[in-house]
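The same subunit A turns up in both complexes below, where it pairs with subunit B and then with subunit C.
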Partner chain A sequence: MKRNLYKKFFATLFFLISSVLLNAKTEGTGLEMSASVDFLATVNDPKQETFAIREAEVSLFAPIDHRFHGLLSIAAHREDGVSMFELHEAFIRGDKFFSGFSAKAGQFFLGVGRLNQVHRHDWPFISPPTVFKKYFGNEGILDTGLEVSYLLPLPFYLDITAGVTSGWTFGHSHDQGKQPKIPTHYGRLKTFIDGGDAFGLALGLNYIGRHSSEGERLHIFGLDGVAKGEIFGRNYLFQTETWMRQTIPKSGEKNLSLGFYLFPQMELVKSFKLGVLFDYYTILSLENVLGNKVSNSDYAFSPTLAYDASEFASFKLAYKYLRSNQPGKVSEETHSAEFQIVFILGAHPAHDF
Partner chain B sequence: MKKIAMGLVLLIMAASCGGSGASYDKNLNGNPLVLLDKGTLAFTENEAKGSGKFIFLNPIPVDDSKSFEFSMRLLEDNSSVTVVTNADNKLENGLSIIFSREEKKLKVAVKLGLVNHDISAKFTSLKASDPLSFVIDVHAEESAHVLIWKKESSYTKDNTLFNSDEKDSGEKKKYAMKSKVTGIFWGFALNKAGISNPKVDKAKDHHH
Partner chain C sequence: MISKKLIFFILLFFVSVQAFALPKVITTTSDLGAIVGEIGGNNFSVTSICDGTRDPHFLEAKPSYILAVSKADLVIANGLGLEVGWLPKLLTAARNPKVTENSSGYLEVGSAVKVLEIPEGPINRSQGDVHPEGNPHVTLDPIRLGEIALVIAEKLGKIVPKSAESFKKNALAFQLKLQEKTKDWQKRIAASGVKSVITHHKTLTYFFDRFGITNAGMLEPFPGVPPTAKHILSVIQNASKNNVKMILIENYFDSKIAEKAASQIPNILVASVPVAVSSKNKTSFDLFEELVATIESYKKEEKKLKEEKKAKDQV
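Let's turn to the complex of A and B:
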């Protein structure tokens, strides 16, 4: 109770300070503030409240000086029917050290994959794919540390990113976690192919590792791709990620799993887009007590209609079919529908391609 | 020559059969199981009674939070039912919840790794001699989160008999489990007790 009051006080103080800053002489400083709200309505999903503000986020961002710029954001998420305020991202970033090099320090979403680097309210679909949810949680991996990137001086685009973060927790946790034996460390190799108006294609190769305080070793490998362009006069998007995770506990069996999602999307008419999210997940190493392999899979199919009223307001409607095939059980099917409204107040920092 | 060829064919056929050829021992509430210690266990379609230890054949993927429900009877003094979840294939290194009857009182303890909490004080409303039914959520988080309800209650945090996330006046967790569950099997160890209708399902407490 005390902790929640403290968080509400902190949030209120943050808003007051933000208002004062904006009303003060900030002209010319480049300080900008934005707020985003993600409202979600679900039908027939027992895990979700029917109507809820899934997330509300307020961000302050500005150049700090001629070398650095910074971002501070606070977000409220619904948990157990209560809005929980927490610090979201708070980092300083510099890209003027030498050509092609940038560094970021603070708390931020790890620079891996595609979805993990984009705020959830900016995703092209409503809910996370199964593999993303299992490996990274509902929103992505957020941690405190240092990340560097370098655009290699090559005739083609090749960017390398590496980071190390505290790793006291990985994914959703209700407490502060424990100091790991080896903190979370990650790397990403990214390239971009410019096909003019026809397409732009960004590809990434990713790795994340960690050695927990209890001796569990974690290795995650991933491939991600995003293609955008125009075909028959209409804009399209194709986004995909494939991830494989290996966990090796201190004692016990290794666990190896794999999942991917595909999301093709096409503009129907101006501002209306139709996409279909297909995702699949399986545990490759699953065996029964007698050591026999058991087949298992979760797959989902979710057509999504999006209406972008502007870059500041969007509406999405999706139907989701999920089928789960687990050992020793009759296959389970669930059907649900989701409706999302996202609106942004102020100027939101742009995400990459 | 023909006999040698026939023998070779039979040998190849035998070698091509996958796995150990071993199968499960019993079925309990539609769940195949393997006996680790047959002891004096007697089985019907939905009940196991006596003393012994068994493990269910099929795995429960460890990255999913699950609920485990069952009914039980502690048949006499000093009897006990231990439900072990998220264990290895020997029913070890998992989360254990031990229900025992000592001098007519119900004693309950929860163990994970080196952590061992006596949570009997949470169950004083229940009689050890009565038939008892429980639903146990085990959430596979960095520090395992365990919730226990009476089966007939509604599955909210306010209605738990036990919640490992419960905090003391200093906002510190009284029953922190301190480690993650890692195993994928579950089963029971019975001592002069009976259990019936065991079932594993999705976690009842849906959050995040």
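Let's turn to the complex of A and C:
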């Protein structure tokens, strides 16, 4: 009860401050505001409502002074039928210390992987792949800490990112969590291969680690890739991430799992794109009582048609087939459909490649 | 011992490479790159991000561009909102303090000349991709291009002060040549009889303004918005009424829609034209020459178009 009151108060305060800031004389401050709204309608999905605002996010961003800039965003999203307000990101970032270096401090989405660094309304598909949802939650990992990044002075593109965050919670959480033995720490190496107009490939190698308050050690390794280009005058996108998670409890067996997704997408005609999301997840360490490995898997297949009316409004329609094969159970199949509307009001910064 | 020597030579190699490297200039468009080449000679290593065959409004902020900007000594941008969709991202991601906006290594040239089509009154996205500072395609006027060359020369002179005078001299010569050529191009366009043209986007506004051509309409219903059937119908009606002679399609847009529309308009010629320096038109002179020659070609094609229409009418 108290938590909800606090969230409502915080949200009201944020919107009041936003409106005051926008009405006040902000000329010369560079203050910009953006709001994004993400509607989602589902058919035959037992876990979600039929038609609701999945998320509404308001962001304020501006240079703070000659050296730093900052961002503050708050999001309201539906969870179990209730709109939850929460602080999404609030950070200060500096990139004028020395060439190629930047640092940010505050609360932010961790600079790992692909989806984790892109706000959900900007994803090329509607729902998160299974592996992402299991490891990072529906939206990605947010935490408070420090992240540094350096573009190495080499003849080719190589960007190295490292960060440490509090680690009191991991993934999507609405409670305070507990102090970890070793906070969340992560690193990423990103490179790029430029093949001109026809081809561009960004590759990332990621690691995330944490030791929880109970002494459970967590290691997540990931590889992500994004290819974009043009074939026969049509734009294409190929996006993929593979993640492997190892959890080692203080006592007991270690748990090893792996998952990946593939998303090829092709422009059909101007503004219309068709993509197919295929995702797969398995627990590698699952054993039966005799100690033999047991096969298990969750996989999904989701063709998605997207129409971008402009850079600021998009509509997506997807059919989703899910199949879960778990030991000792009859395979479960789910067929569902999703329809998403996303629109953006105000300024919206350019996306990463 | 050997390893110490090896490290020393590797370090020496990198230091020497840096010491003898030419100052790196990144231009957002190939037109600006061509100017740096004209007036800076071999004093600079020049890279243009948009190569002249792509729409400069919409460009992917590729990491390879970020890498180039991270090593730049000077970034020259068109400005007036032309690169707003991707240049801020490149500058932020490059993290190069030398070339951030408002630093001495950053230059925007658009506002240095008289800007056309500055919107009056409030603007918003319902009017399409309107540039609040005015039409940004300033480099398509040869006279304004000459003025821009002088601005660039001054900036280049600050990067390599010992050659500042030479850059200024080259820019003045470039400007004079453009002014002389413009007189010739004006005569040739006047003789072509083309006074009214349709384009896909308002890219050629400055060119038309200089050469006395009216931009009778755009295939885009709003700036940056793809053509719609309803809008094309109104373009066809307008073109037939106002005796429009040509549809010039910027070479990075598909000309199929224009060709379809042209089949409904009598005596109209469709041509795909370059609107920036590219590997085909290596200099600004080549670019303007091709634009003028394309407009001139109407005269030759006019007879053929009339005969085609006559044959069609008889059928």
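The working rule: the second predicted complex is superposed on the first by the 351 of 353 C-alpha atoms of A that agree within 3 Å, B and C clash if a C-alpha of one lies under 4 Å from a C-alpha of the other, contacts with A are read in each partner's own complex, and residues count from 1 in each chain.
As a convention for this text, contacts are C-beta pairs under 8 Å (C-beta built on N, C-alpha and C of every residue); 3 or more make two chains touch, one makes a residue touch a chain.
The shown structure was predicted, so the numbers you read here are calculated from the model rather than taken from an experiment.
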| item | value |
| --- | --- |
| Joint occupancy of subunit A by subunit B and subunit C, clash or fit | fit |
| Touching partner for A:290 - first (subunit B), second (subunit C), both, neither | first |
| Partner chain(s) touched by A:232 [first = subunit B, second = subunit C, both, neither] | neither |
| Which of subunit B and subunit C A:169 touches, first, second, both or neither | first |
| Which superposed partner A:177 touches (first subunit B, second subunit C, both, neither) | first |
| More subunit A residues in contact [subunit B versus subunit C] | B |
| Overlay on shared chain A, then closest C-alpha pair between subunit B and subunit C (Å) | 33 |
| Residues of subunit A that lie at the interface with subunit B and also at the interface with subunit C | none |
| Subunit A-facing residues of subunit B, complex | 18-20, 22-24, 31-32, 34, 55-59, 61-63, 88-89, 93, 141-143, 145, 157, 165, 171, 173, 176, 179-180, 182-185, 206-208 |
| Subunit B contact footprint on subunit A (complex, rising order) | 2-3, 46-47, 79-80, 134, 137-138, 169-175, 177-178, 212, 214, 216, 249, 251-253, 255, 257, 283, 286-292, 294, 296, 326-329 |
| Partner subunit A, residues of subunit C touching it in the complex | 54, 60-64, 66-67, 70-71, 85-86, 88-89, 92-98, 100, 125, 224-226, 254 |
| Parts of subunit A lying in touch with subunit C, wherever the complex brings them together | 95-102, 151, 153, 156-157, 159, 190-192, 194, 197, 200, 202, 228, 233, 270-271, 310-312, 349-353 |
